[in-house]
Amino acid sequence: MYKILKYSFFDLFRSRWSFVYFFFYLLLGLVLLFLNNDLSNAIITLMNVVIVLVPLIGTIFGIMYFYNSREFTELLLAQPIARRHIFLGQYLGVAISLALSLVLGLGIPFIIYGLFESSAIWDFFSLLVVGAFLTFIFTALSFGIALKFENKIKGFGMAIVMWLFLAIIYDGLFLLLLMYFQEYPLEDFALVASVLNPIDLSRTLILLKLDISALLGYTGAVFKEFFGTTKGSLISFIVLLAWVFIPVWGMLRLAGKKDF
Amino acid sequence: MVTVTNLYKRFGSQQVLNGLNLETNIPGIIAVLGPNGSGKTTLIKSLLGMVIPQKGGIAVNGKEIRGQSDYRKEIDYLPQIANFPGNLKVKELIGMIKDLRGKPARDEELIAFFGIQSFLDKKLSQLSGGTRQKVNIVLCFMFDSPLIILDEPTSGLDPASLIKLRELLGREKAAGKTIIITSHIMNFVEETADRILFILEGVIYFNGSVSELKAATRQDDLEHAIAQILTSPTHV
Amino acid sequence: MKALLLIFLIFIGFNFYGGEITVCKSCEISSVKDAVEMAEMGDTIRVKSGLYKENNISIKDKSLVLIGEDFPVIDAQMQGYAIIVSAQAFRIEGFKIINIGRSHTSDFAAILISNSANFEIKNNRFDKIFFGILIERSKNGRIIGNKFSGNAKSQAHSGNAIHLWKTSEMHIEDNQVEGVRDGIYLEFSDNAEIKNNVCKNNLRYGLHFMFSDGNIYSGNLFENNGAGVAVMYSKNIKMYRNTFKNNWGSASYGLLLKEITDSELIQNTFEENTVGISADNTSRINYIENNFKSNGYAVKIRGGCYRNVFKRNNFLYNSFDLTYHGHSNENSFNGNFWSNYSGYDLDKDSFGDIPYRPVSLFSYLVNKTPESIVMLRSLFIDLIEFSEKVSPIFTPADVLDSQPFIKKIQW
């Protein structure tokens, strides 16, 4: 598996796209810091970008890589390597190289800027952790979709629908429910709904660390109380892990049953 | 070497393998023939574990292969469409496969044999179809495994290379290996194969030597023999 | 005003006719208390620097001038009040008063002034205080240039720096207050002028007043107080050129207006507050030429607000410019600058050609269902906000600025 991981990783690392991705983040980080000159503002803007773009890029990249490396995959399948090692290796190769592009691309400008002397280091750090988690989650989901759909166009469409659902439609339904049941106390519902979607959970985790969380008012206080406790942090960590492991598990199950 | 018992495989509503049985005990070259969509590639991919049958068993060297991967150490496979990761160099691809198998390989010998030394530093996406097929063949044969499976090995090869391939097959056969081939080039099959497996509607329709097939169909050459089976299968 | 000046001149006059008593550690009189007891009407007591461990120094019905030289320290040793005054025409200047003890039953203060008039408390330092200057049932006093610092930890165990109850004609200027519960507190106190004070880092409010009409606040800085500034149940209030800054926290705001009528807010700056102004049951208030910059919510209009006018204000980079309850209620938002405005000015009359709707869809939603704030910065919200901007459906149609300025308004 490590060999597959290594080859997938280097394969991506040599392709232009992971550099495009890396330079995009590098540029974004530099521009934000030098136009803004305010670390916590830059982190808020970055959060917006990370929450929307990282899942989208993880999805698209994952699905494209999978379809593009079909021949390579078939070559590997004929070798004495277990299927789950092949797919796990490829998945980790993609996810790690994407996560690395993100962490380095954003990390370098912030280090140049003098992040280590800043109190915002933990906010920034959690932004990167959340970004890495989102990369792993959405790459796994897109691999699963690619395995499920032989037809590239169908698979690509489904992956985009999946992203749309988690990034936008989920929030729309969430908001509708909040509106519909506005006579009832909704803090607990809002909490559960935010925790269950990895994008909402990531957004909430970062928002609560920033000053802007004061805007959240009473609901924010309830959230802060939850996420501030060890139990709350543990639950959100477990949820994020589950969002990585369940799609990976499903992806490997699909891979085990699929004909090539 | 390979024992296939009662193998069923369906893709959606299409029944491809329909209770296929096969046993190969003697070394030599076995050609798997059959019309398009008869299940040749499905059978080969089932042997490799790439296609997972609904029913039936496959044993290689006496061991059931379902869910296993180690048995493939004893198999060399040449896929039908030789599309490799395009941004790799030939050298790197060979190195990678060697690294993955972790086994000594005779790659240099084969590279020299097919004369592709000058392409080693080229990227695979820059190669012509024929050269790519040669690389494919080198990758396949370099591990010296006792079972070799070749899916359309002749595609894209020029006559000179075809002769080399035949020569190589002869040597491998002499070394006591079992070689399973699918091909559409009948005179290639006629010249190389010891046995013909003819698959029709998901079962082995004919299993025997070239001359036996000719005799059974009362035809002088293989091409006509095959055509005879396809037009009036009940005569055999 | 003339009467005030006259009274003041009379009061200064006392100084010329009174005797003088000097207090120092090695003097004949080494205690402030003794000096005060000895002093006659109109005397000046001069206290040299040194530490005076005294409390409950009581000035009753004597017009005295107490002057500290090089800030003599009066240490109340956490017992009772430092100075208690009930007199006409007196002055306390240049002291440092420390260690006022906390109490659950009495509002112990550094200086307690009751039933007094025509006085001046000037250039004193107050440190480790419970209450600072507590004034009740008094009129025409001047509190000028004092510095207060406390170490308030909890609201229940802390007091206010300048606390006025039932007073009138008070003048509070150039004071600095830090680390107490409320910086300046007024209750039933009319016609005060509160000017150029700095209230920072206080536990609750920088300025807090109730039932106090006709007051003027100008040029004050209220920064980083627990909850900001609260102005309640009063009328005819004028607030000019104040700065409300960094009052940040989930229950915090720059300025809370509750049941305020017929008042003016002109040229104030609200910067980086969770809520710039929160207005509840306030009517006939003119908000003119104020700057709202980088606040969470610039203005929250709650229920029962009628005929308020917002004009020539700058709304700059706030997360929400306005949240609004109910109908337009004759409130006007015409002629402001909104940094979120994306219209154009083709006829070059310096007003945008299309109206601006300061209530964003999200703020409308949050107003209806507060829990929906958890969607803050969600992509879905950005999308519906955009579509709402293009064709408004939900946001109140009559809350709009039909003459939005195209450039920031200079004033």
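Letters A, B and C mark the chains in the order given here, with residues in each chain numbered from 1 onward.
The rule is short, and it goes like this: a contact is a pair of C-beta atoms (placed from the backbone, for glycine too) under 8 Å apart; a residue touches a chain by one contact, two chains touch by 3 or more.
Predicted model only: the values in this text are computed from it and were never measured.
Enquirer: By C-alpha centroids, what is the most central chain here?
Expert: Answer by centroid distance: A.
Enquirer: Count the C-beta pairs in contact for every pair of chains, then give the pair with the highest total.
Expert: Per chain pair, the contact count peaks at A-C.
Enquirer: Going by the average position of its CA atoms, which chain sits the greatest distance from chain C?
Expert: B
Enquirer: Nearest whole angstrom, what separates the Cα centre of chain A from the Cα centre of chain B?
Expert: Here the centre of chain B sits 43 Å away from the centre of chain A.
Enquirer: Taking the mean of the C-alpha atoms as each chain's centre, how many Å separate chain A from chain C?
Expert: 47
Enquirer: Can you compute the centre-to-centre distance for chain B and chain C, using the mean CA position of each chain? Integer Å is fine.
Expert: 90
Enquirer: Of all residues in chain A, which are in touch with two or more distinct other chains?
Expert: none
Enquirer: Name, in rising order, each residue of chain C that touches chain A in their complex.
Expert: Those residues of chain C that touch chain A are 248-250, 252, 274, 296-297, 319, 365, 368-381, 383-384.
Enquirer: Can you check the complex and tell me which residues of chain B touch chain A?
Expert: Per the touch definition, chain B meets chain A at residues 11, 45, 48-52, 69-73, 75, 77, 79, 81, 83-85, 87-88, 96-97, 99-101.
Enquirer: For the complex, give me every residue of chain A touching chain C.
Expert: Residues 44, 47-48, 51-52, 167-169, 171-172, 174-175, 178-179, 182, 186-187, 189-190, 194, 200, 203-204, 207, 211-221, 223 of chain A touch chain C in their complex.
Enquirer: Going by the contact rule at the top, pick out the chain A residues touching chain B in the complex.
Expert: Against chain B, chain A makes touches at 3-4, 7, 11, 14-15, 69-72, 74-83, 257-260.
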